[in-house]
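Below you'll find the structure I mean.
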Amino acid sequence: MRTIKVGIVGLGRLGKIHAQNLAQNVPNCQLYAACSLNEEELIYAKTELGVEKGYANYAEMIADSELDAVAIASPSGYHCQQINAALEKGLHVYSEKPIGLDLEEIQATMDVINRHSKQIFMLGFMRRYDDSYRYAKELVEAGELGELTVVRCYGIDPSSGMESFVKFAGASNSGGLFADMSIHDIDLVRWFTKAEVAKVWAIGKNAAYPELDQVNELETGAAMLQLTDKTMGLLVAGRNCAHGYHVETELIGTKGMLRIANFPEKNLVTVLNSNGVVRPCSQDFPERFAGAFITEMKEFIECILTEKQPEVTSYDGLQATKVALACKESFEKNQLIELK
Amino acid sequence: MRTIKVGIVGLGRLGKIHAQNLAQNVPNCQLYAACSLNEEELIYAKTELGVEKGYANYAEMIADSELDAVAIASPSGYHCQQINAALEKGLHVYSEKPIGLDLEEIQATMDVINRHSKQIFMLGFMRRYDDSYRYAKELVEAGELGELTVVRCYGIDPSSGMESFVKFAGASNSGGLFADMSIHDIDLVRWFTKAEVAKVWAIGKNAAYPELDQVNELETGAAMLQLTDKTMGLLVAGRNCAHGYHVETELIGTKGMLRIANFPEKNLVTVLNSNGVVRPCSQDFPERFAGAFITEMKEFIECILTEKQPEVTSYDGLQATKVALACKESFEKNQLIELK
Amino acid sequence: MRTIKVGIVGLGRLGKIHAQNLAQNVPNCQLYAACSLNEEELIYAKTELGVEKGYANYAEMIADSELDAVAIASPSGYHCQQINAALEKGLHVYSEKPIGLDLEEIQATMDVINRHSKQIFMLGFMRRYDDSYRYAKELVEAGELGELTVVRCYGIDPSSGMESFVKFAGASNSGGLFADMSIHDIDLVRWFTKAEVAKVWAIGKNAAYPELDQVNELETGAAMLQLTDKTMGLLVAGRNCAHGYHVETELIGTKGMLRIANFPEKNLVTVLNSNGVVRPCSQDFPERFAGAFITEMKEFIECILTEKQPEVTSYDGLQATKVALACKESFEKNQLIELK
Amino acid sequence: MRTIKVGIVGLGRLGKIHAQNLAQNVPNCQLYAACSLNEEELIYAKTELGVEKGYANYAEMIADSELDAVAIASPSGYHCQQINAALEKGLHVYSEKPIGLDLEEIQATMDVINRHSKQIFMLGFMRRYDDSYRYAKELVEAGELGELTVVRCYGIDPSSGMESFVKFAGASNSGGLFADMSIHDIDLVRWFTKAEVAKVWAIGKNAAYPELDQVNELETGAAMLQLTDKTMGLLVAGRNCAHGYHVETELIGTKGMLRIANFPEKNLVTVLNSNGVVRPCSQDFPERFAGAFITEMKEFIECILTEKQPEVTSYDGLQATKVALACKESFEKNQLIELK
């Protein structure tokens, strides 16, 4: 089997996870190049991960004729143009979510993707590659739950990050709570139900940090989605979870219910002490989804080697972004928003 | 200590529970009389529960000068007039929820209640007397969760009752899924948050029994509530729960989260067999709330003996009914409904 | 139905629980008399529980011709003689465990019991009346677990009582850890397996309070039991449980396993906070077995009214004590002990 | 960083797991050679795992001058001689447990290991590398549980393998239930307590398959261990677990308790259906310890690269085997056995 040579762009928190996996945990793959404006990150990539080529310029990296594929983990605002450029160079592309921030730009990138249909394009909705989510999906497909009626998704970041978020909330733009936190959940709703969102209402409350009202940000929000087939979606998104990183998904069907990570159990340990029966929790997404990040990269390389497209398409990226933007609009207007 | 003599009206499923508790499990209380149109029920009350007087006519029962109090467990349509009549006779009154079906009629009954402020009036929101709910309420009051931001309530009846419901759905009038199932949940939202509901959107889906569409009934529904202080309420109501009687309440606050009956565990037994790790579930409300039904009746008698009003007031009944009716309207119009 | 008049002897911690239940929570029963050397306890019984007659002398109480039955909750050393005396007076008898401390004395009392076979005698192995244990027993009897091979029982008291235990360990005599703590567990092993214990080895360790070595007491011990049919019993007993009152029973069979109170969950509340996912625990036996204490007393009165003997017999008391004493001997000699 | 070239001997169920990990999931490692008498297994290793050299003869494989290390996953009876031979050739050695079947032979191999102290020798007690066990170990080392008093270990194989075991029980020799199943548990007892086993009593029962009595095998057994510092060990071993692969470890200390895999939860999914609340279970050791097998191999390669010995020593192997053999003897004689 041949070895796929990958170049990564972006070596931030998430970029490092992908880089490490591509370098060490994915068979038939070599992390050949890395692109970053940060010199230290390039040194890390070379010395720790054995990367051969370091680039400060993305255009130069994708011009390297040794390269087979790129993994994009740069800030969201660059995704579309970097996807476009890599595809035009004949490279396979993995891109972190979201595919883009703006619906028109995403649409234009989808055109590029569609024009290069022999090249692999994969979007980083990694939860679909998590063992527990895959197990749940199999049960749903096997009809164990009957027809789905309600999907409930929680995505709440640990409160450990709250103070820093509040500090920079005015300066940086998170895209809003629903785009920032719920986009994975929206993808899961679509994935499990195979239906589209028709109508949303989103609300929110700043209780611990009322100053977030001033900068139009939210610490906790909720949205209710009505799908085209009347299935109900309930989303809770937040940034202030005391016990860790709470990502939970519930499926209610006519024959049964199912919860993925009803509680974000860190491992199989239960401690019994003066606090009671205690189950420690996952503290962040690198911990909770460590396995999913590896599995999705294995899938990316496997897709390249076997010349089949992954199940996550650019259309999934477009639709999730559409719904996230509708939630944002609904919250801002405190109105029901219909999706076209 | 003197013994309070109680007469009960209604000896159906719930009436029998109250009758048994008043006769056997509540100190300082005698179930003295019972009123029912069903001869067999009166015989049961006399032989099994030691009731002295059986009545086919409510007016006659409340005219009995031995009586101190009545417990009303008749069909909802009779509640208001039976409350009024008993109060006018000088009796203390316990009434099952809802206080009434119509807001004007409830308002009129509240006037009667207020005119007899020395007599005890108690409404059967028995969940407030369940050990787990009381424990949760104490934690909330002690500030353990910080300020509440989201309250999620599930109330789903076991699917064992589904076929009979569908059969009679056209003939009888349940009042709609939200009035029928969510009224306890609405009371809990108000109880925990001490805020009122400002705006609701309610949706639903008939999947297992699409024929319910024809009779304007729902097997599963969801509602999102925006409270006056921006706290978010999420309700799921249903009639088709495969694993039993699923009543669950979640409180999300700025300092922590809490779930009451995350799963409706029947007892402390866990079975491990070829199905996996299995925790059996409560199958219906008499099982789940057996203790709460006793505790609320103890409270009723205690209130009479100590001349203090219980914490559940007729206003709570009015407000819960208002919100339930708003959910019904929202579902029927598929619109946001604002409460005045 | 007639009302059974009961006199209680002993109004300590456990006696008060029985007194309250007999007075308030058991139908067809009146707590008519109480016997205690403590004046305050008798005043409590009269004013709070409506007891008519207070006695400082047990012989006088059982001579009261109004009495139908006695409930014995005095120190263990008095049980045998009080049982004997009450039976000779023609009274029905409920006695707390153990039936006695000495095998010969127990044997003599069994003779008295057998000579009064028309009178009810019931021994307070109340766990057999706990909802969860009864549910488990039904599953076992229905063959859900196949044939039992291992029974594991934990009985560990909360560490809140540890300091006071250590303080008085030299002065008072607990009877040893296994007699004091494991006797209920030994009864459960016999109840579930319907087999007798043939051989035991018991060991122990004082880690937090090594000074207990001096007074021949244990903070934590373990025993392995080989039953007549080769079924295996594993006991852990202790006095130093940080999370509360840990009574757990596990049944392993050829078709499945089952745990009763795998964790001593206090109620249905789960708290999620910076400690993780927390399930609060029962803190003592009055809390854990509140329901069982009521159910066993209902059974006692029901047995009197229907003239049938309860399932717990004096022979169960004798056998449990035999095994507990064998564990004590095994620990002291650090040898295998065979039971005859 | 240089790449370690490993040759594996044995490509059975466990050998394939190691081969796959060495080939694909361990950085700085190449699965260079494989040795098996089974032609098909060698073809698999070459085509699927990219192994360069296939050998039918172990002596030939270890003579290959390209090789840095061997991984031994052959039948237990070959371990000692294969360890010896590889060490003599200057190779680093990973060996599956047990280090050997016979105490004298193990002792001789330990001498060889000690004579080659610059070469890495690692024994496959992989549970020490499982995330949950490591997390527990850290808590214990940090003093969270205080001083340990009881360690309880369950190791029960799924009943799916029972029929085949019974069929071949007479012909093959499992080494007995305790050596076969409890050896990992015995290592865990020593690892957590840092104490040695002083005295054991082991018992067992054949209930589903009484014919095992004839061939001196057990479907379920239990052993109680007294450690040198009085700490108590409780082992349950079995081959007939209906719900899957039940490996559970409990630590009781003076300040708290802890369970690793209280239930063998397969993933984070909870299903609610007519069976109740269901948590699916791990079905076998490859599933339960998938991560541990990878982590231990990473550790093996890391130890080679950094020239430090792993924490699991040959002495651990010797001691665990000693205790397992004492359990066997105790069961056969139904006596307490003291270890020297």
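Order as written gives the chain letters A, B, C and D; numbering starts at 1 within each chain.
The rule we apply is simple: contacts are C-beta pairs under 8 Å (C-beta built on N, C-alpha and C of every residue); 3 or more make two chains touch, one makes a residue touch a chain.
Just so it is clear, the model here is predicted, and its values are computed rather than measured.
Least step count on the touch graph, chain A to chain C: 1. Any chain touching chain A that also touches chain D appears here: B, C. Remark: among chain pairs B-D and B-C, B-C carries the greater number of C-beta contacts.
Centroids built from CA atoms put chain B at 42 Å from chain A. The distance from the centre of chain B to the centre of chain D, each centre being the mean of the chain's C-alpha atoms, comes to 56 Å.
Chain B and chain C have Cα centroids separated by 38 Å. Looking at chain A, residues 242-243, 246, 255-257, 262, 265-266, 270-274, 280 sit in touch with two or more other chains. In terms of which chains touch, the assembly is arranged so that all chains touch all other chains. Per the touch definition, chain C reaches chain D in the complex via residues 146-150, 152, 199, 201, 203-208, 219-224, 226, 229-232, 234, 236, 238, 240-243, 246, 252-257, 262, 334-336. Taken together, the chain A residues at the contact with chain D in this complex read 1, 23-25, 27, 50, 131-132, 135-136, 139, 144, 255-262, 264-274, 280.
Those residues of chain B whose C-beta lies close enough to touch chain D in the complex are 242-244, 246, 263, 265-266, 270-281.
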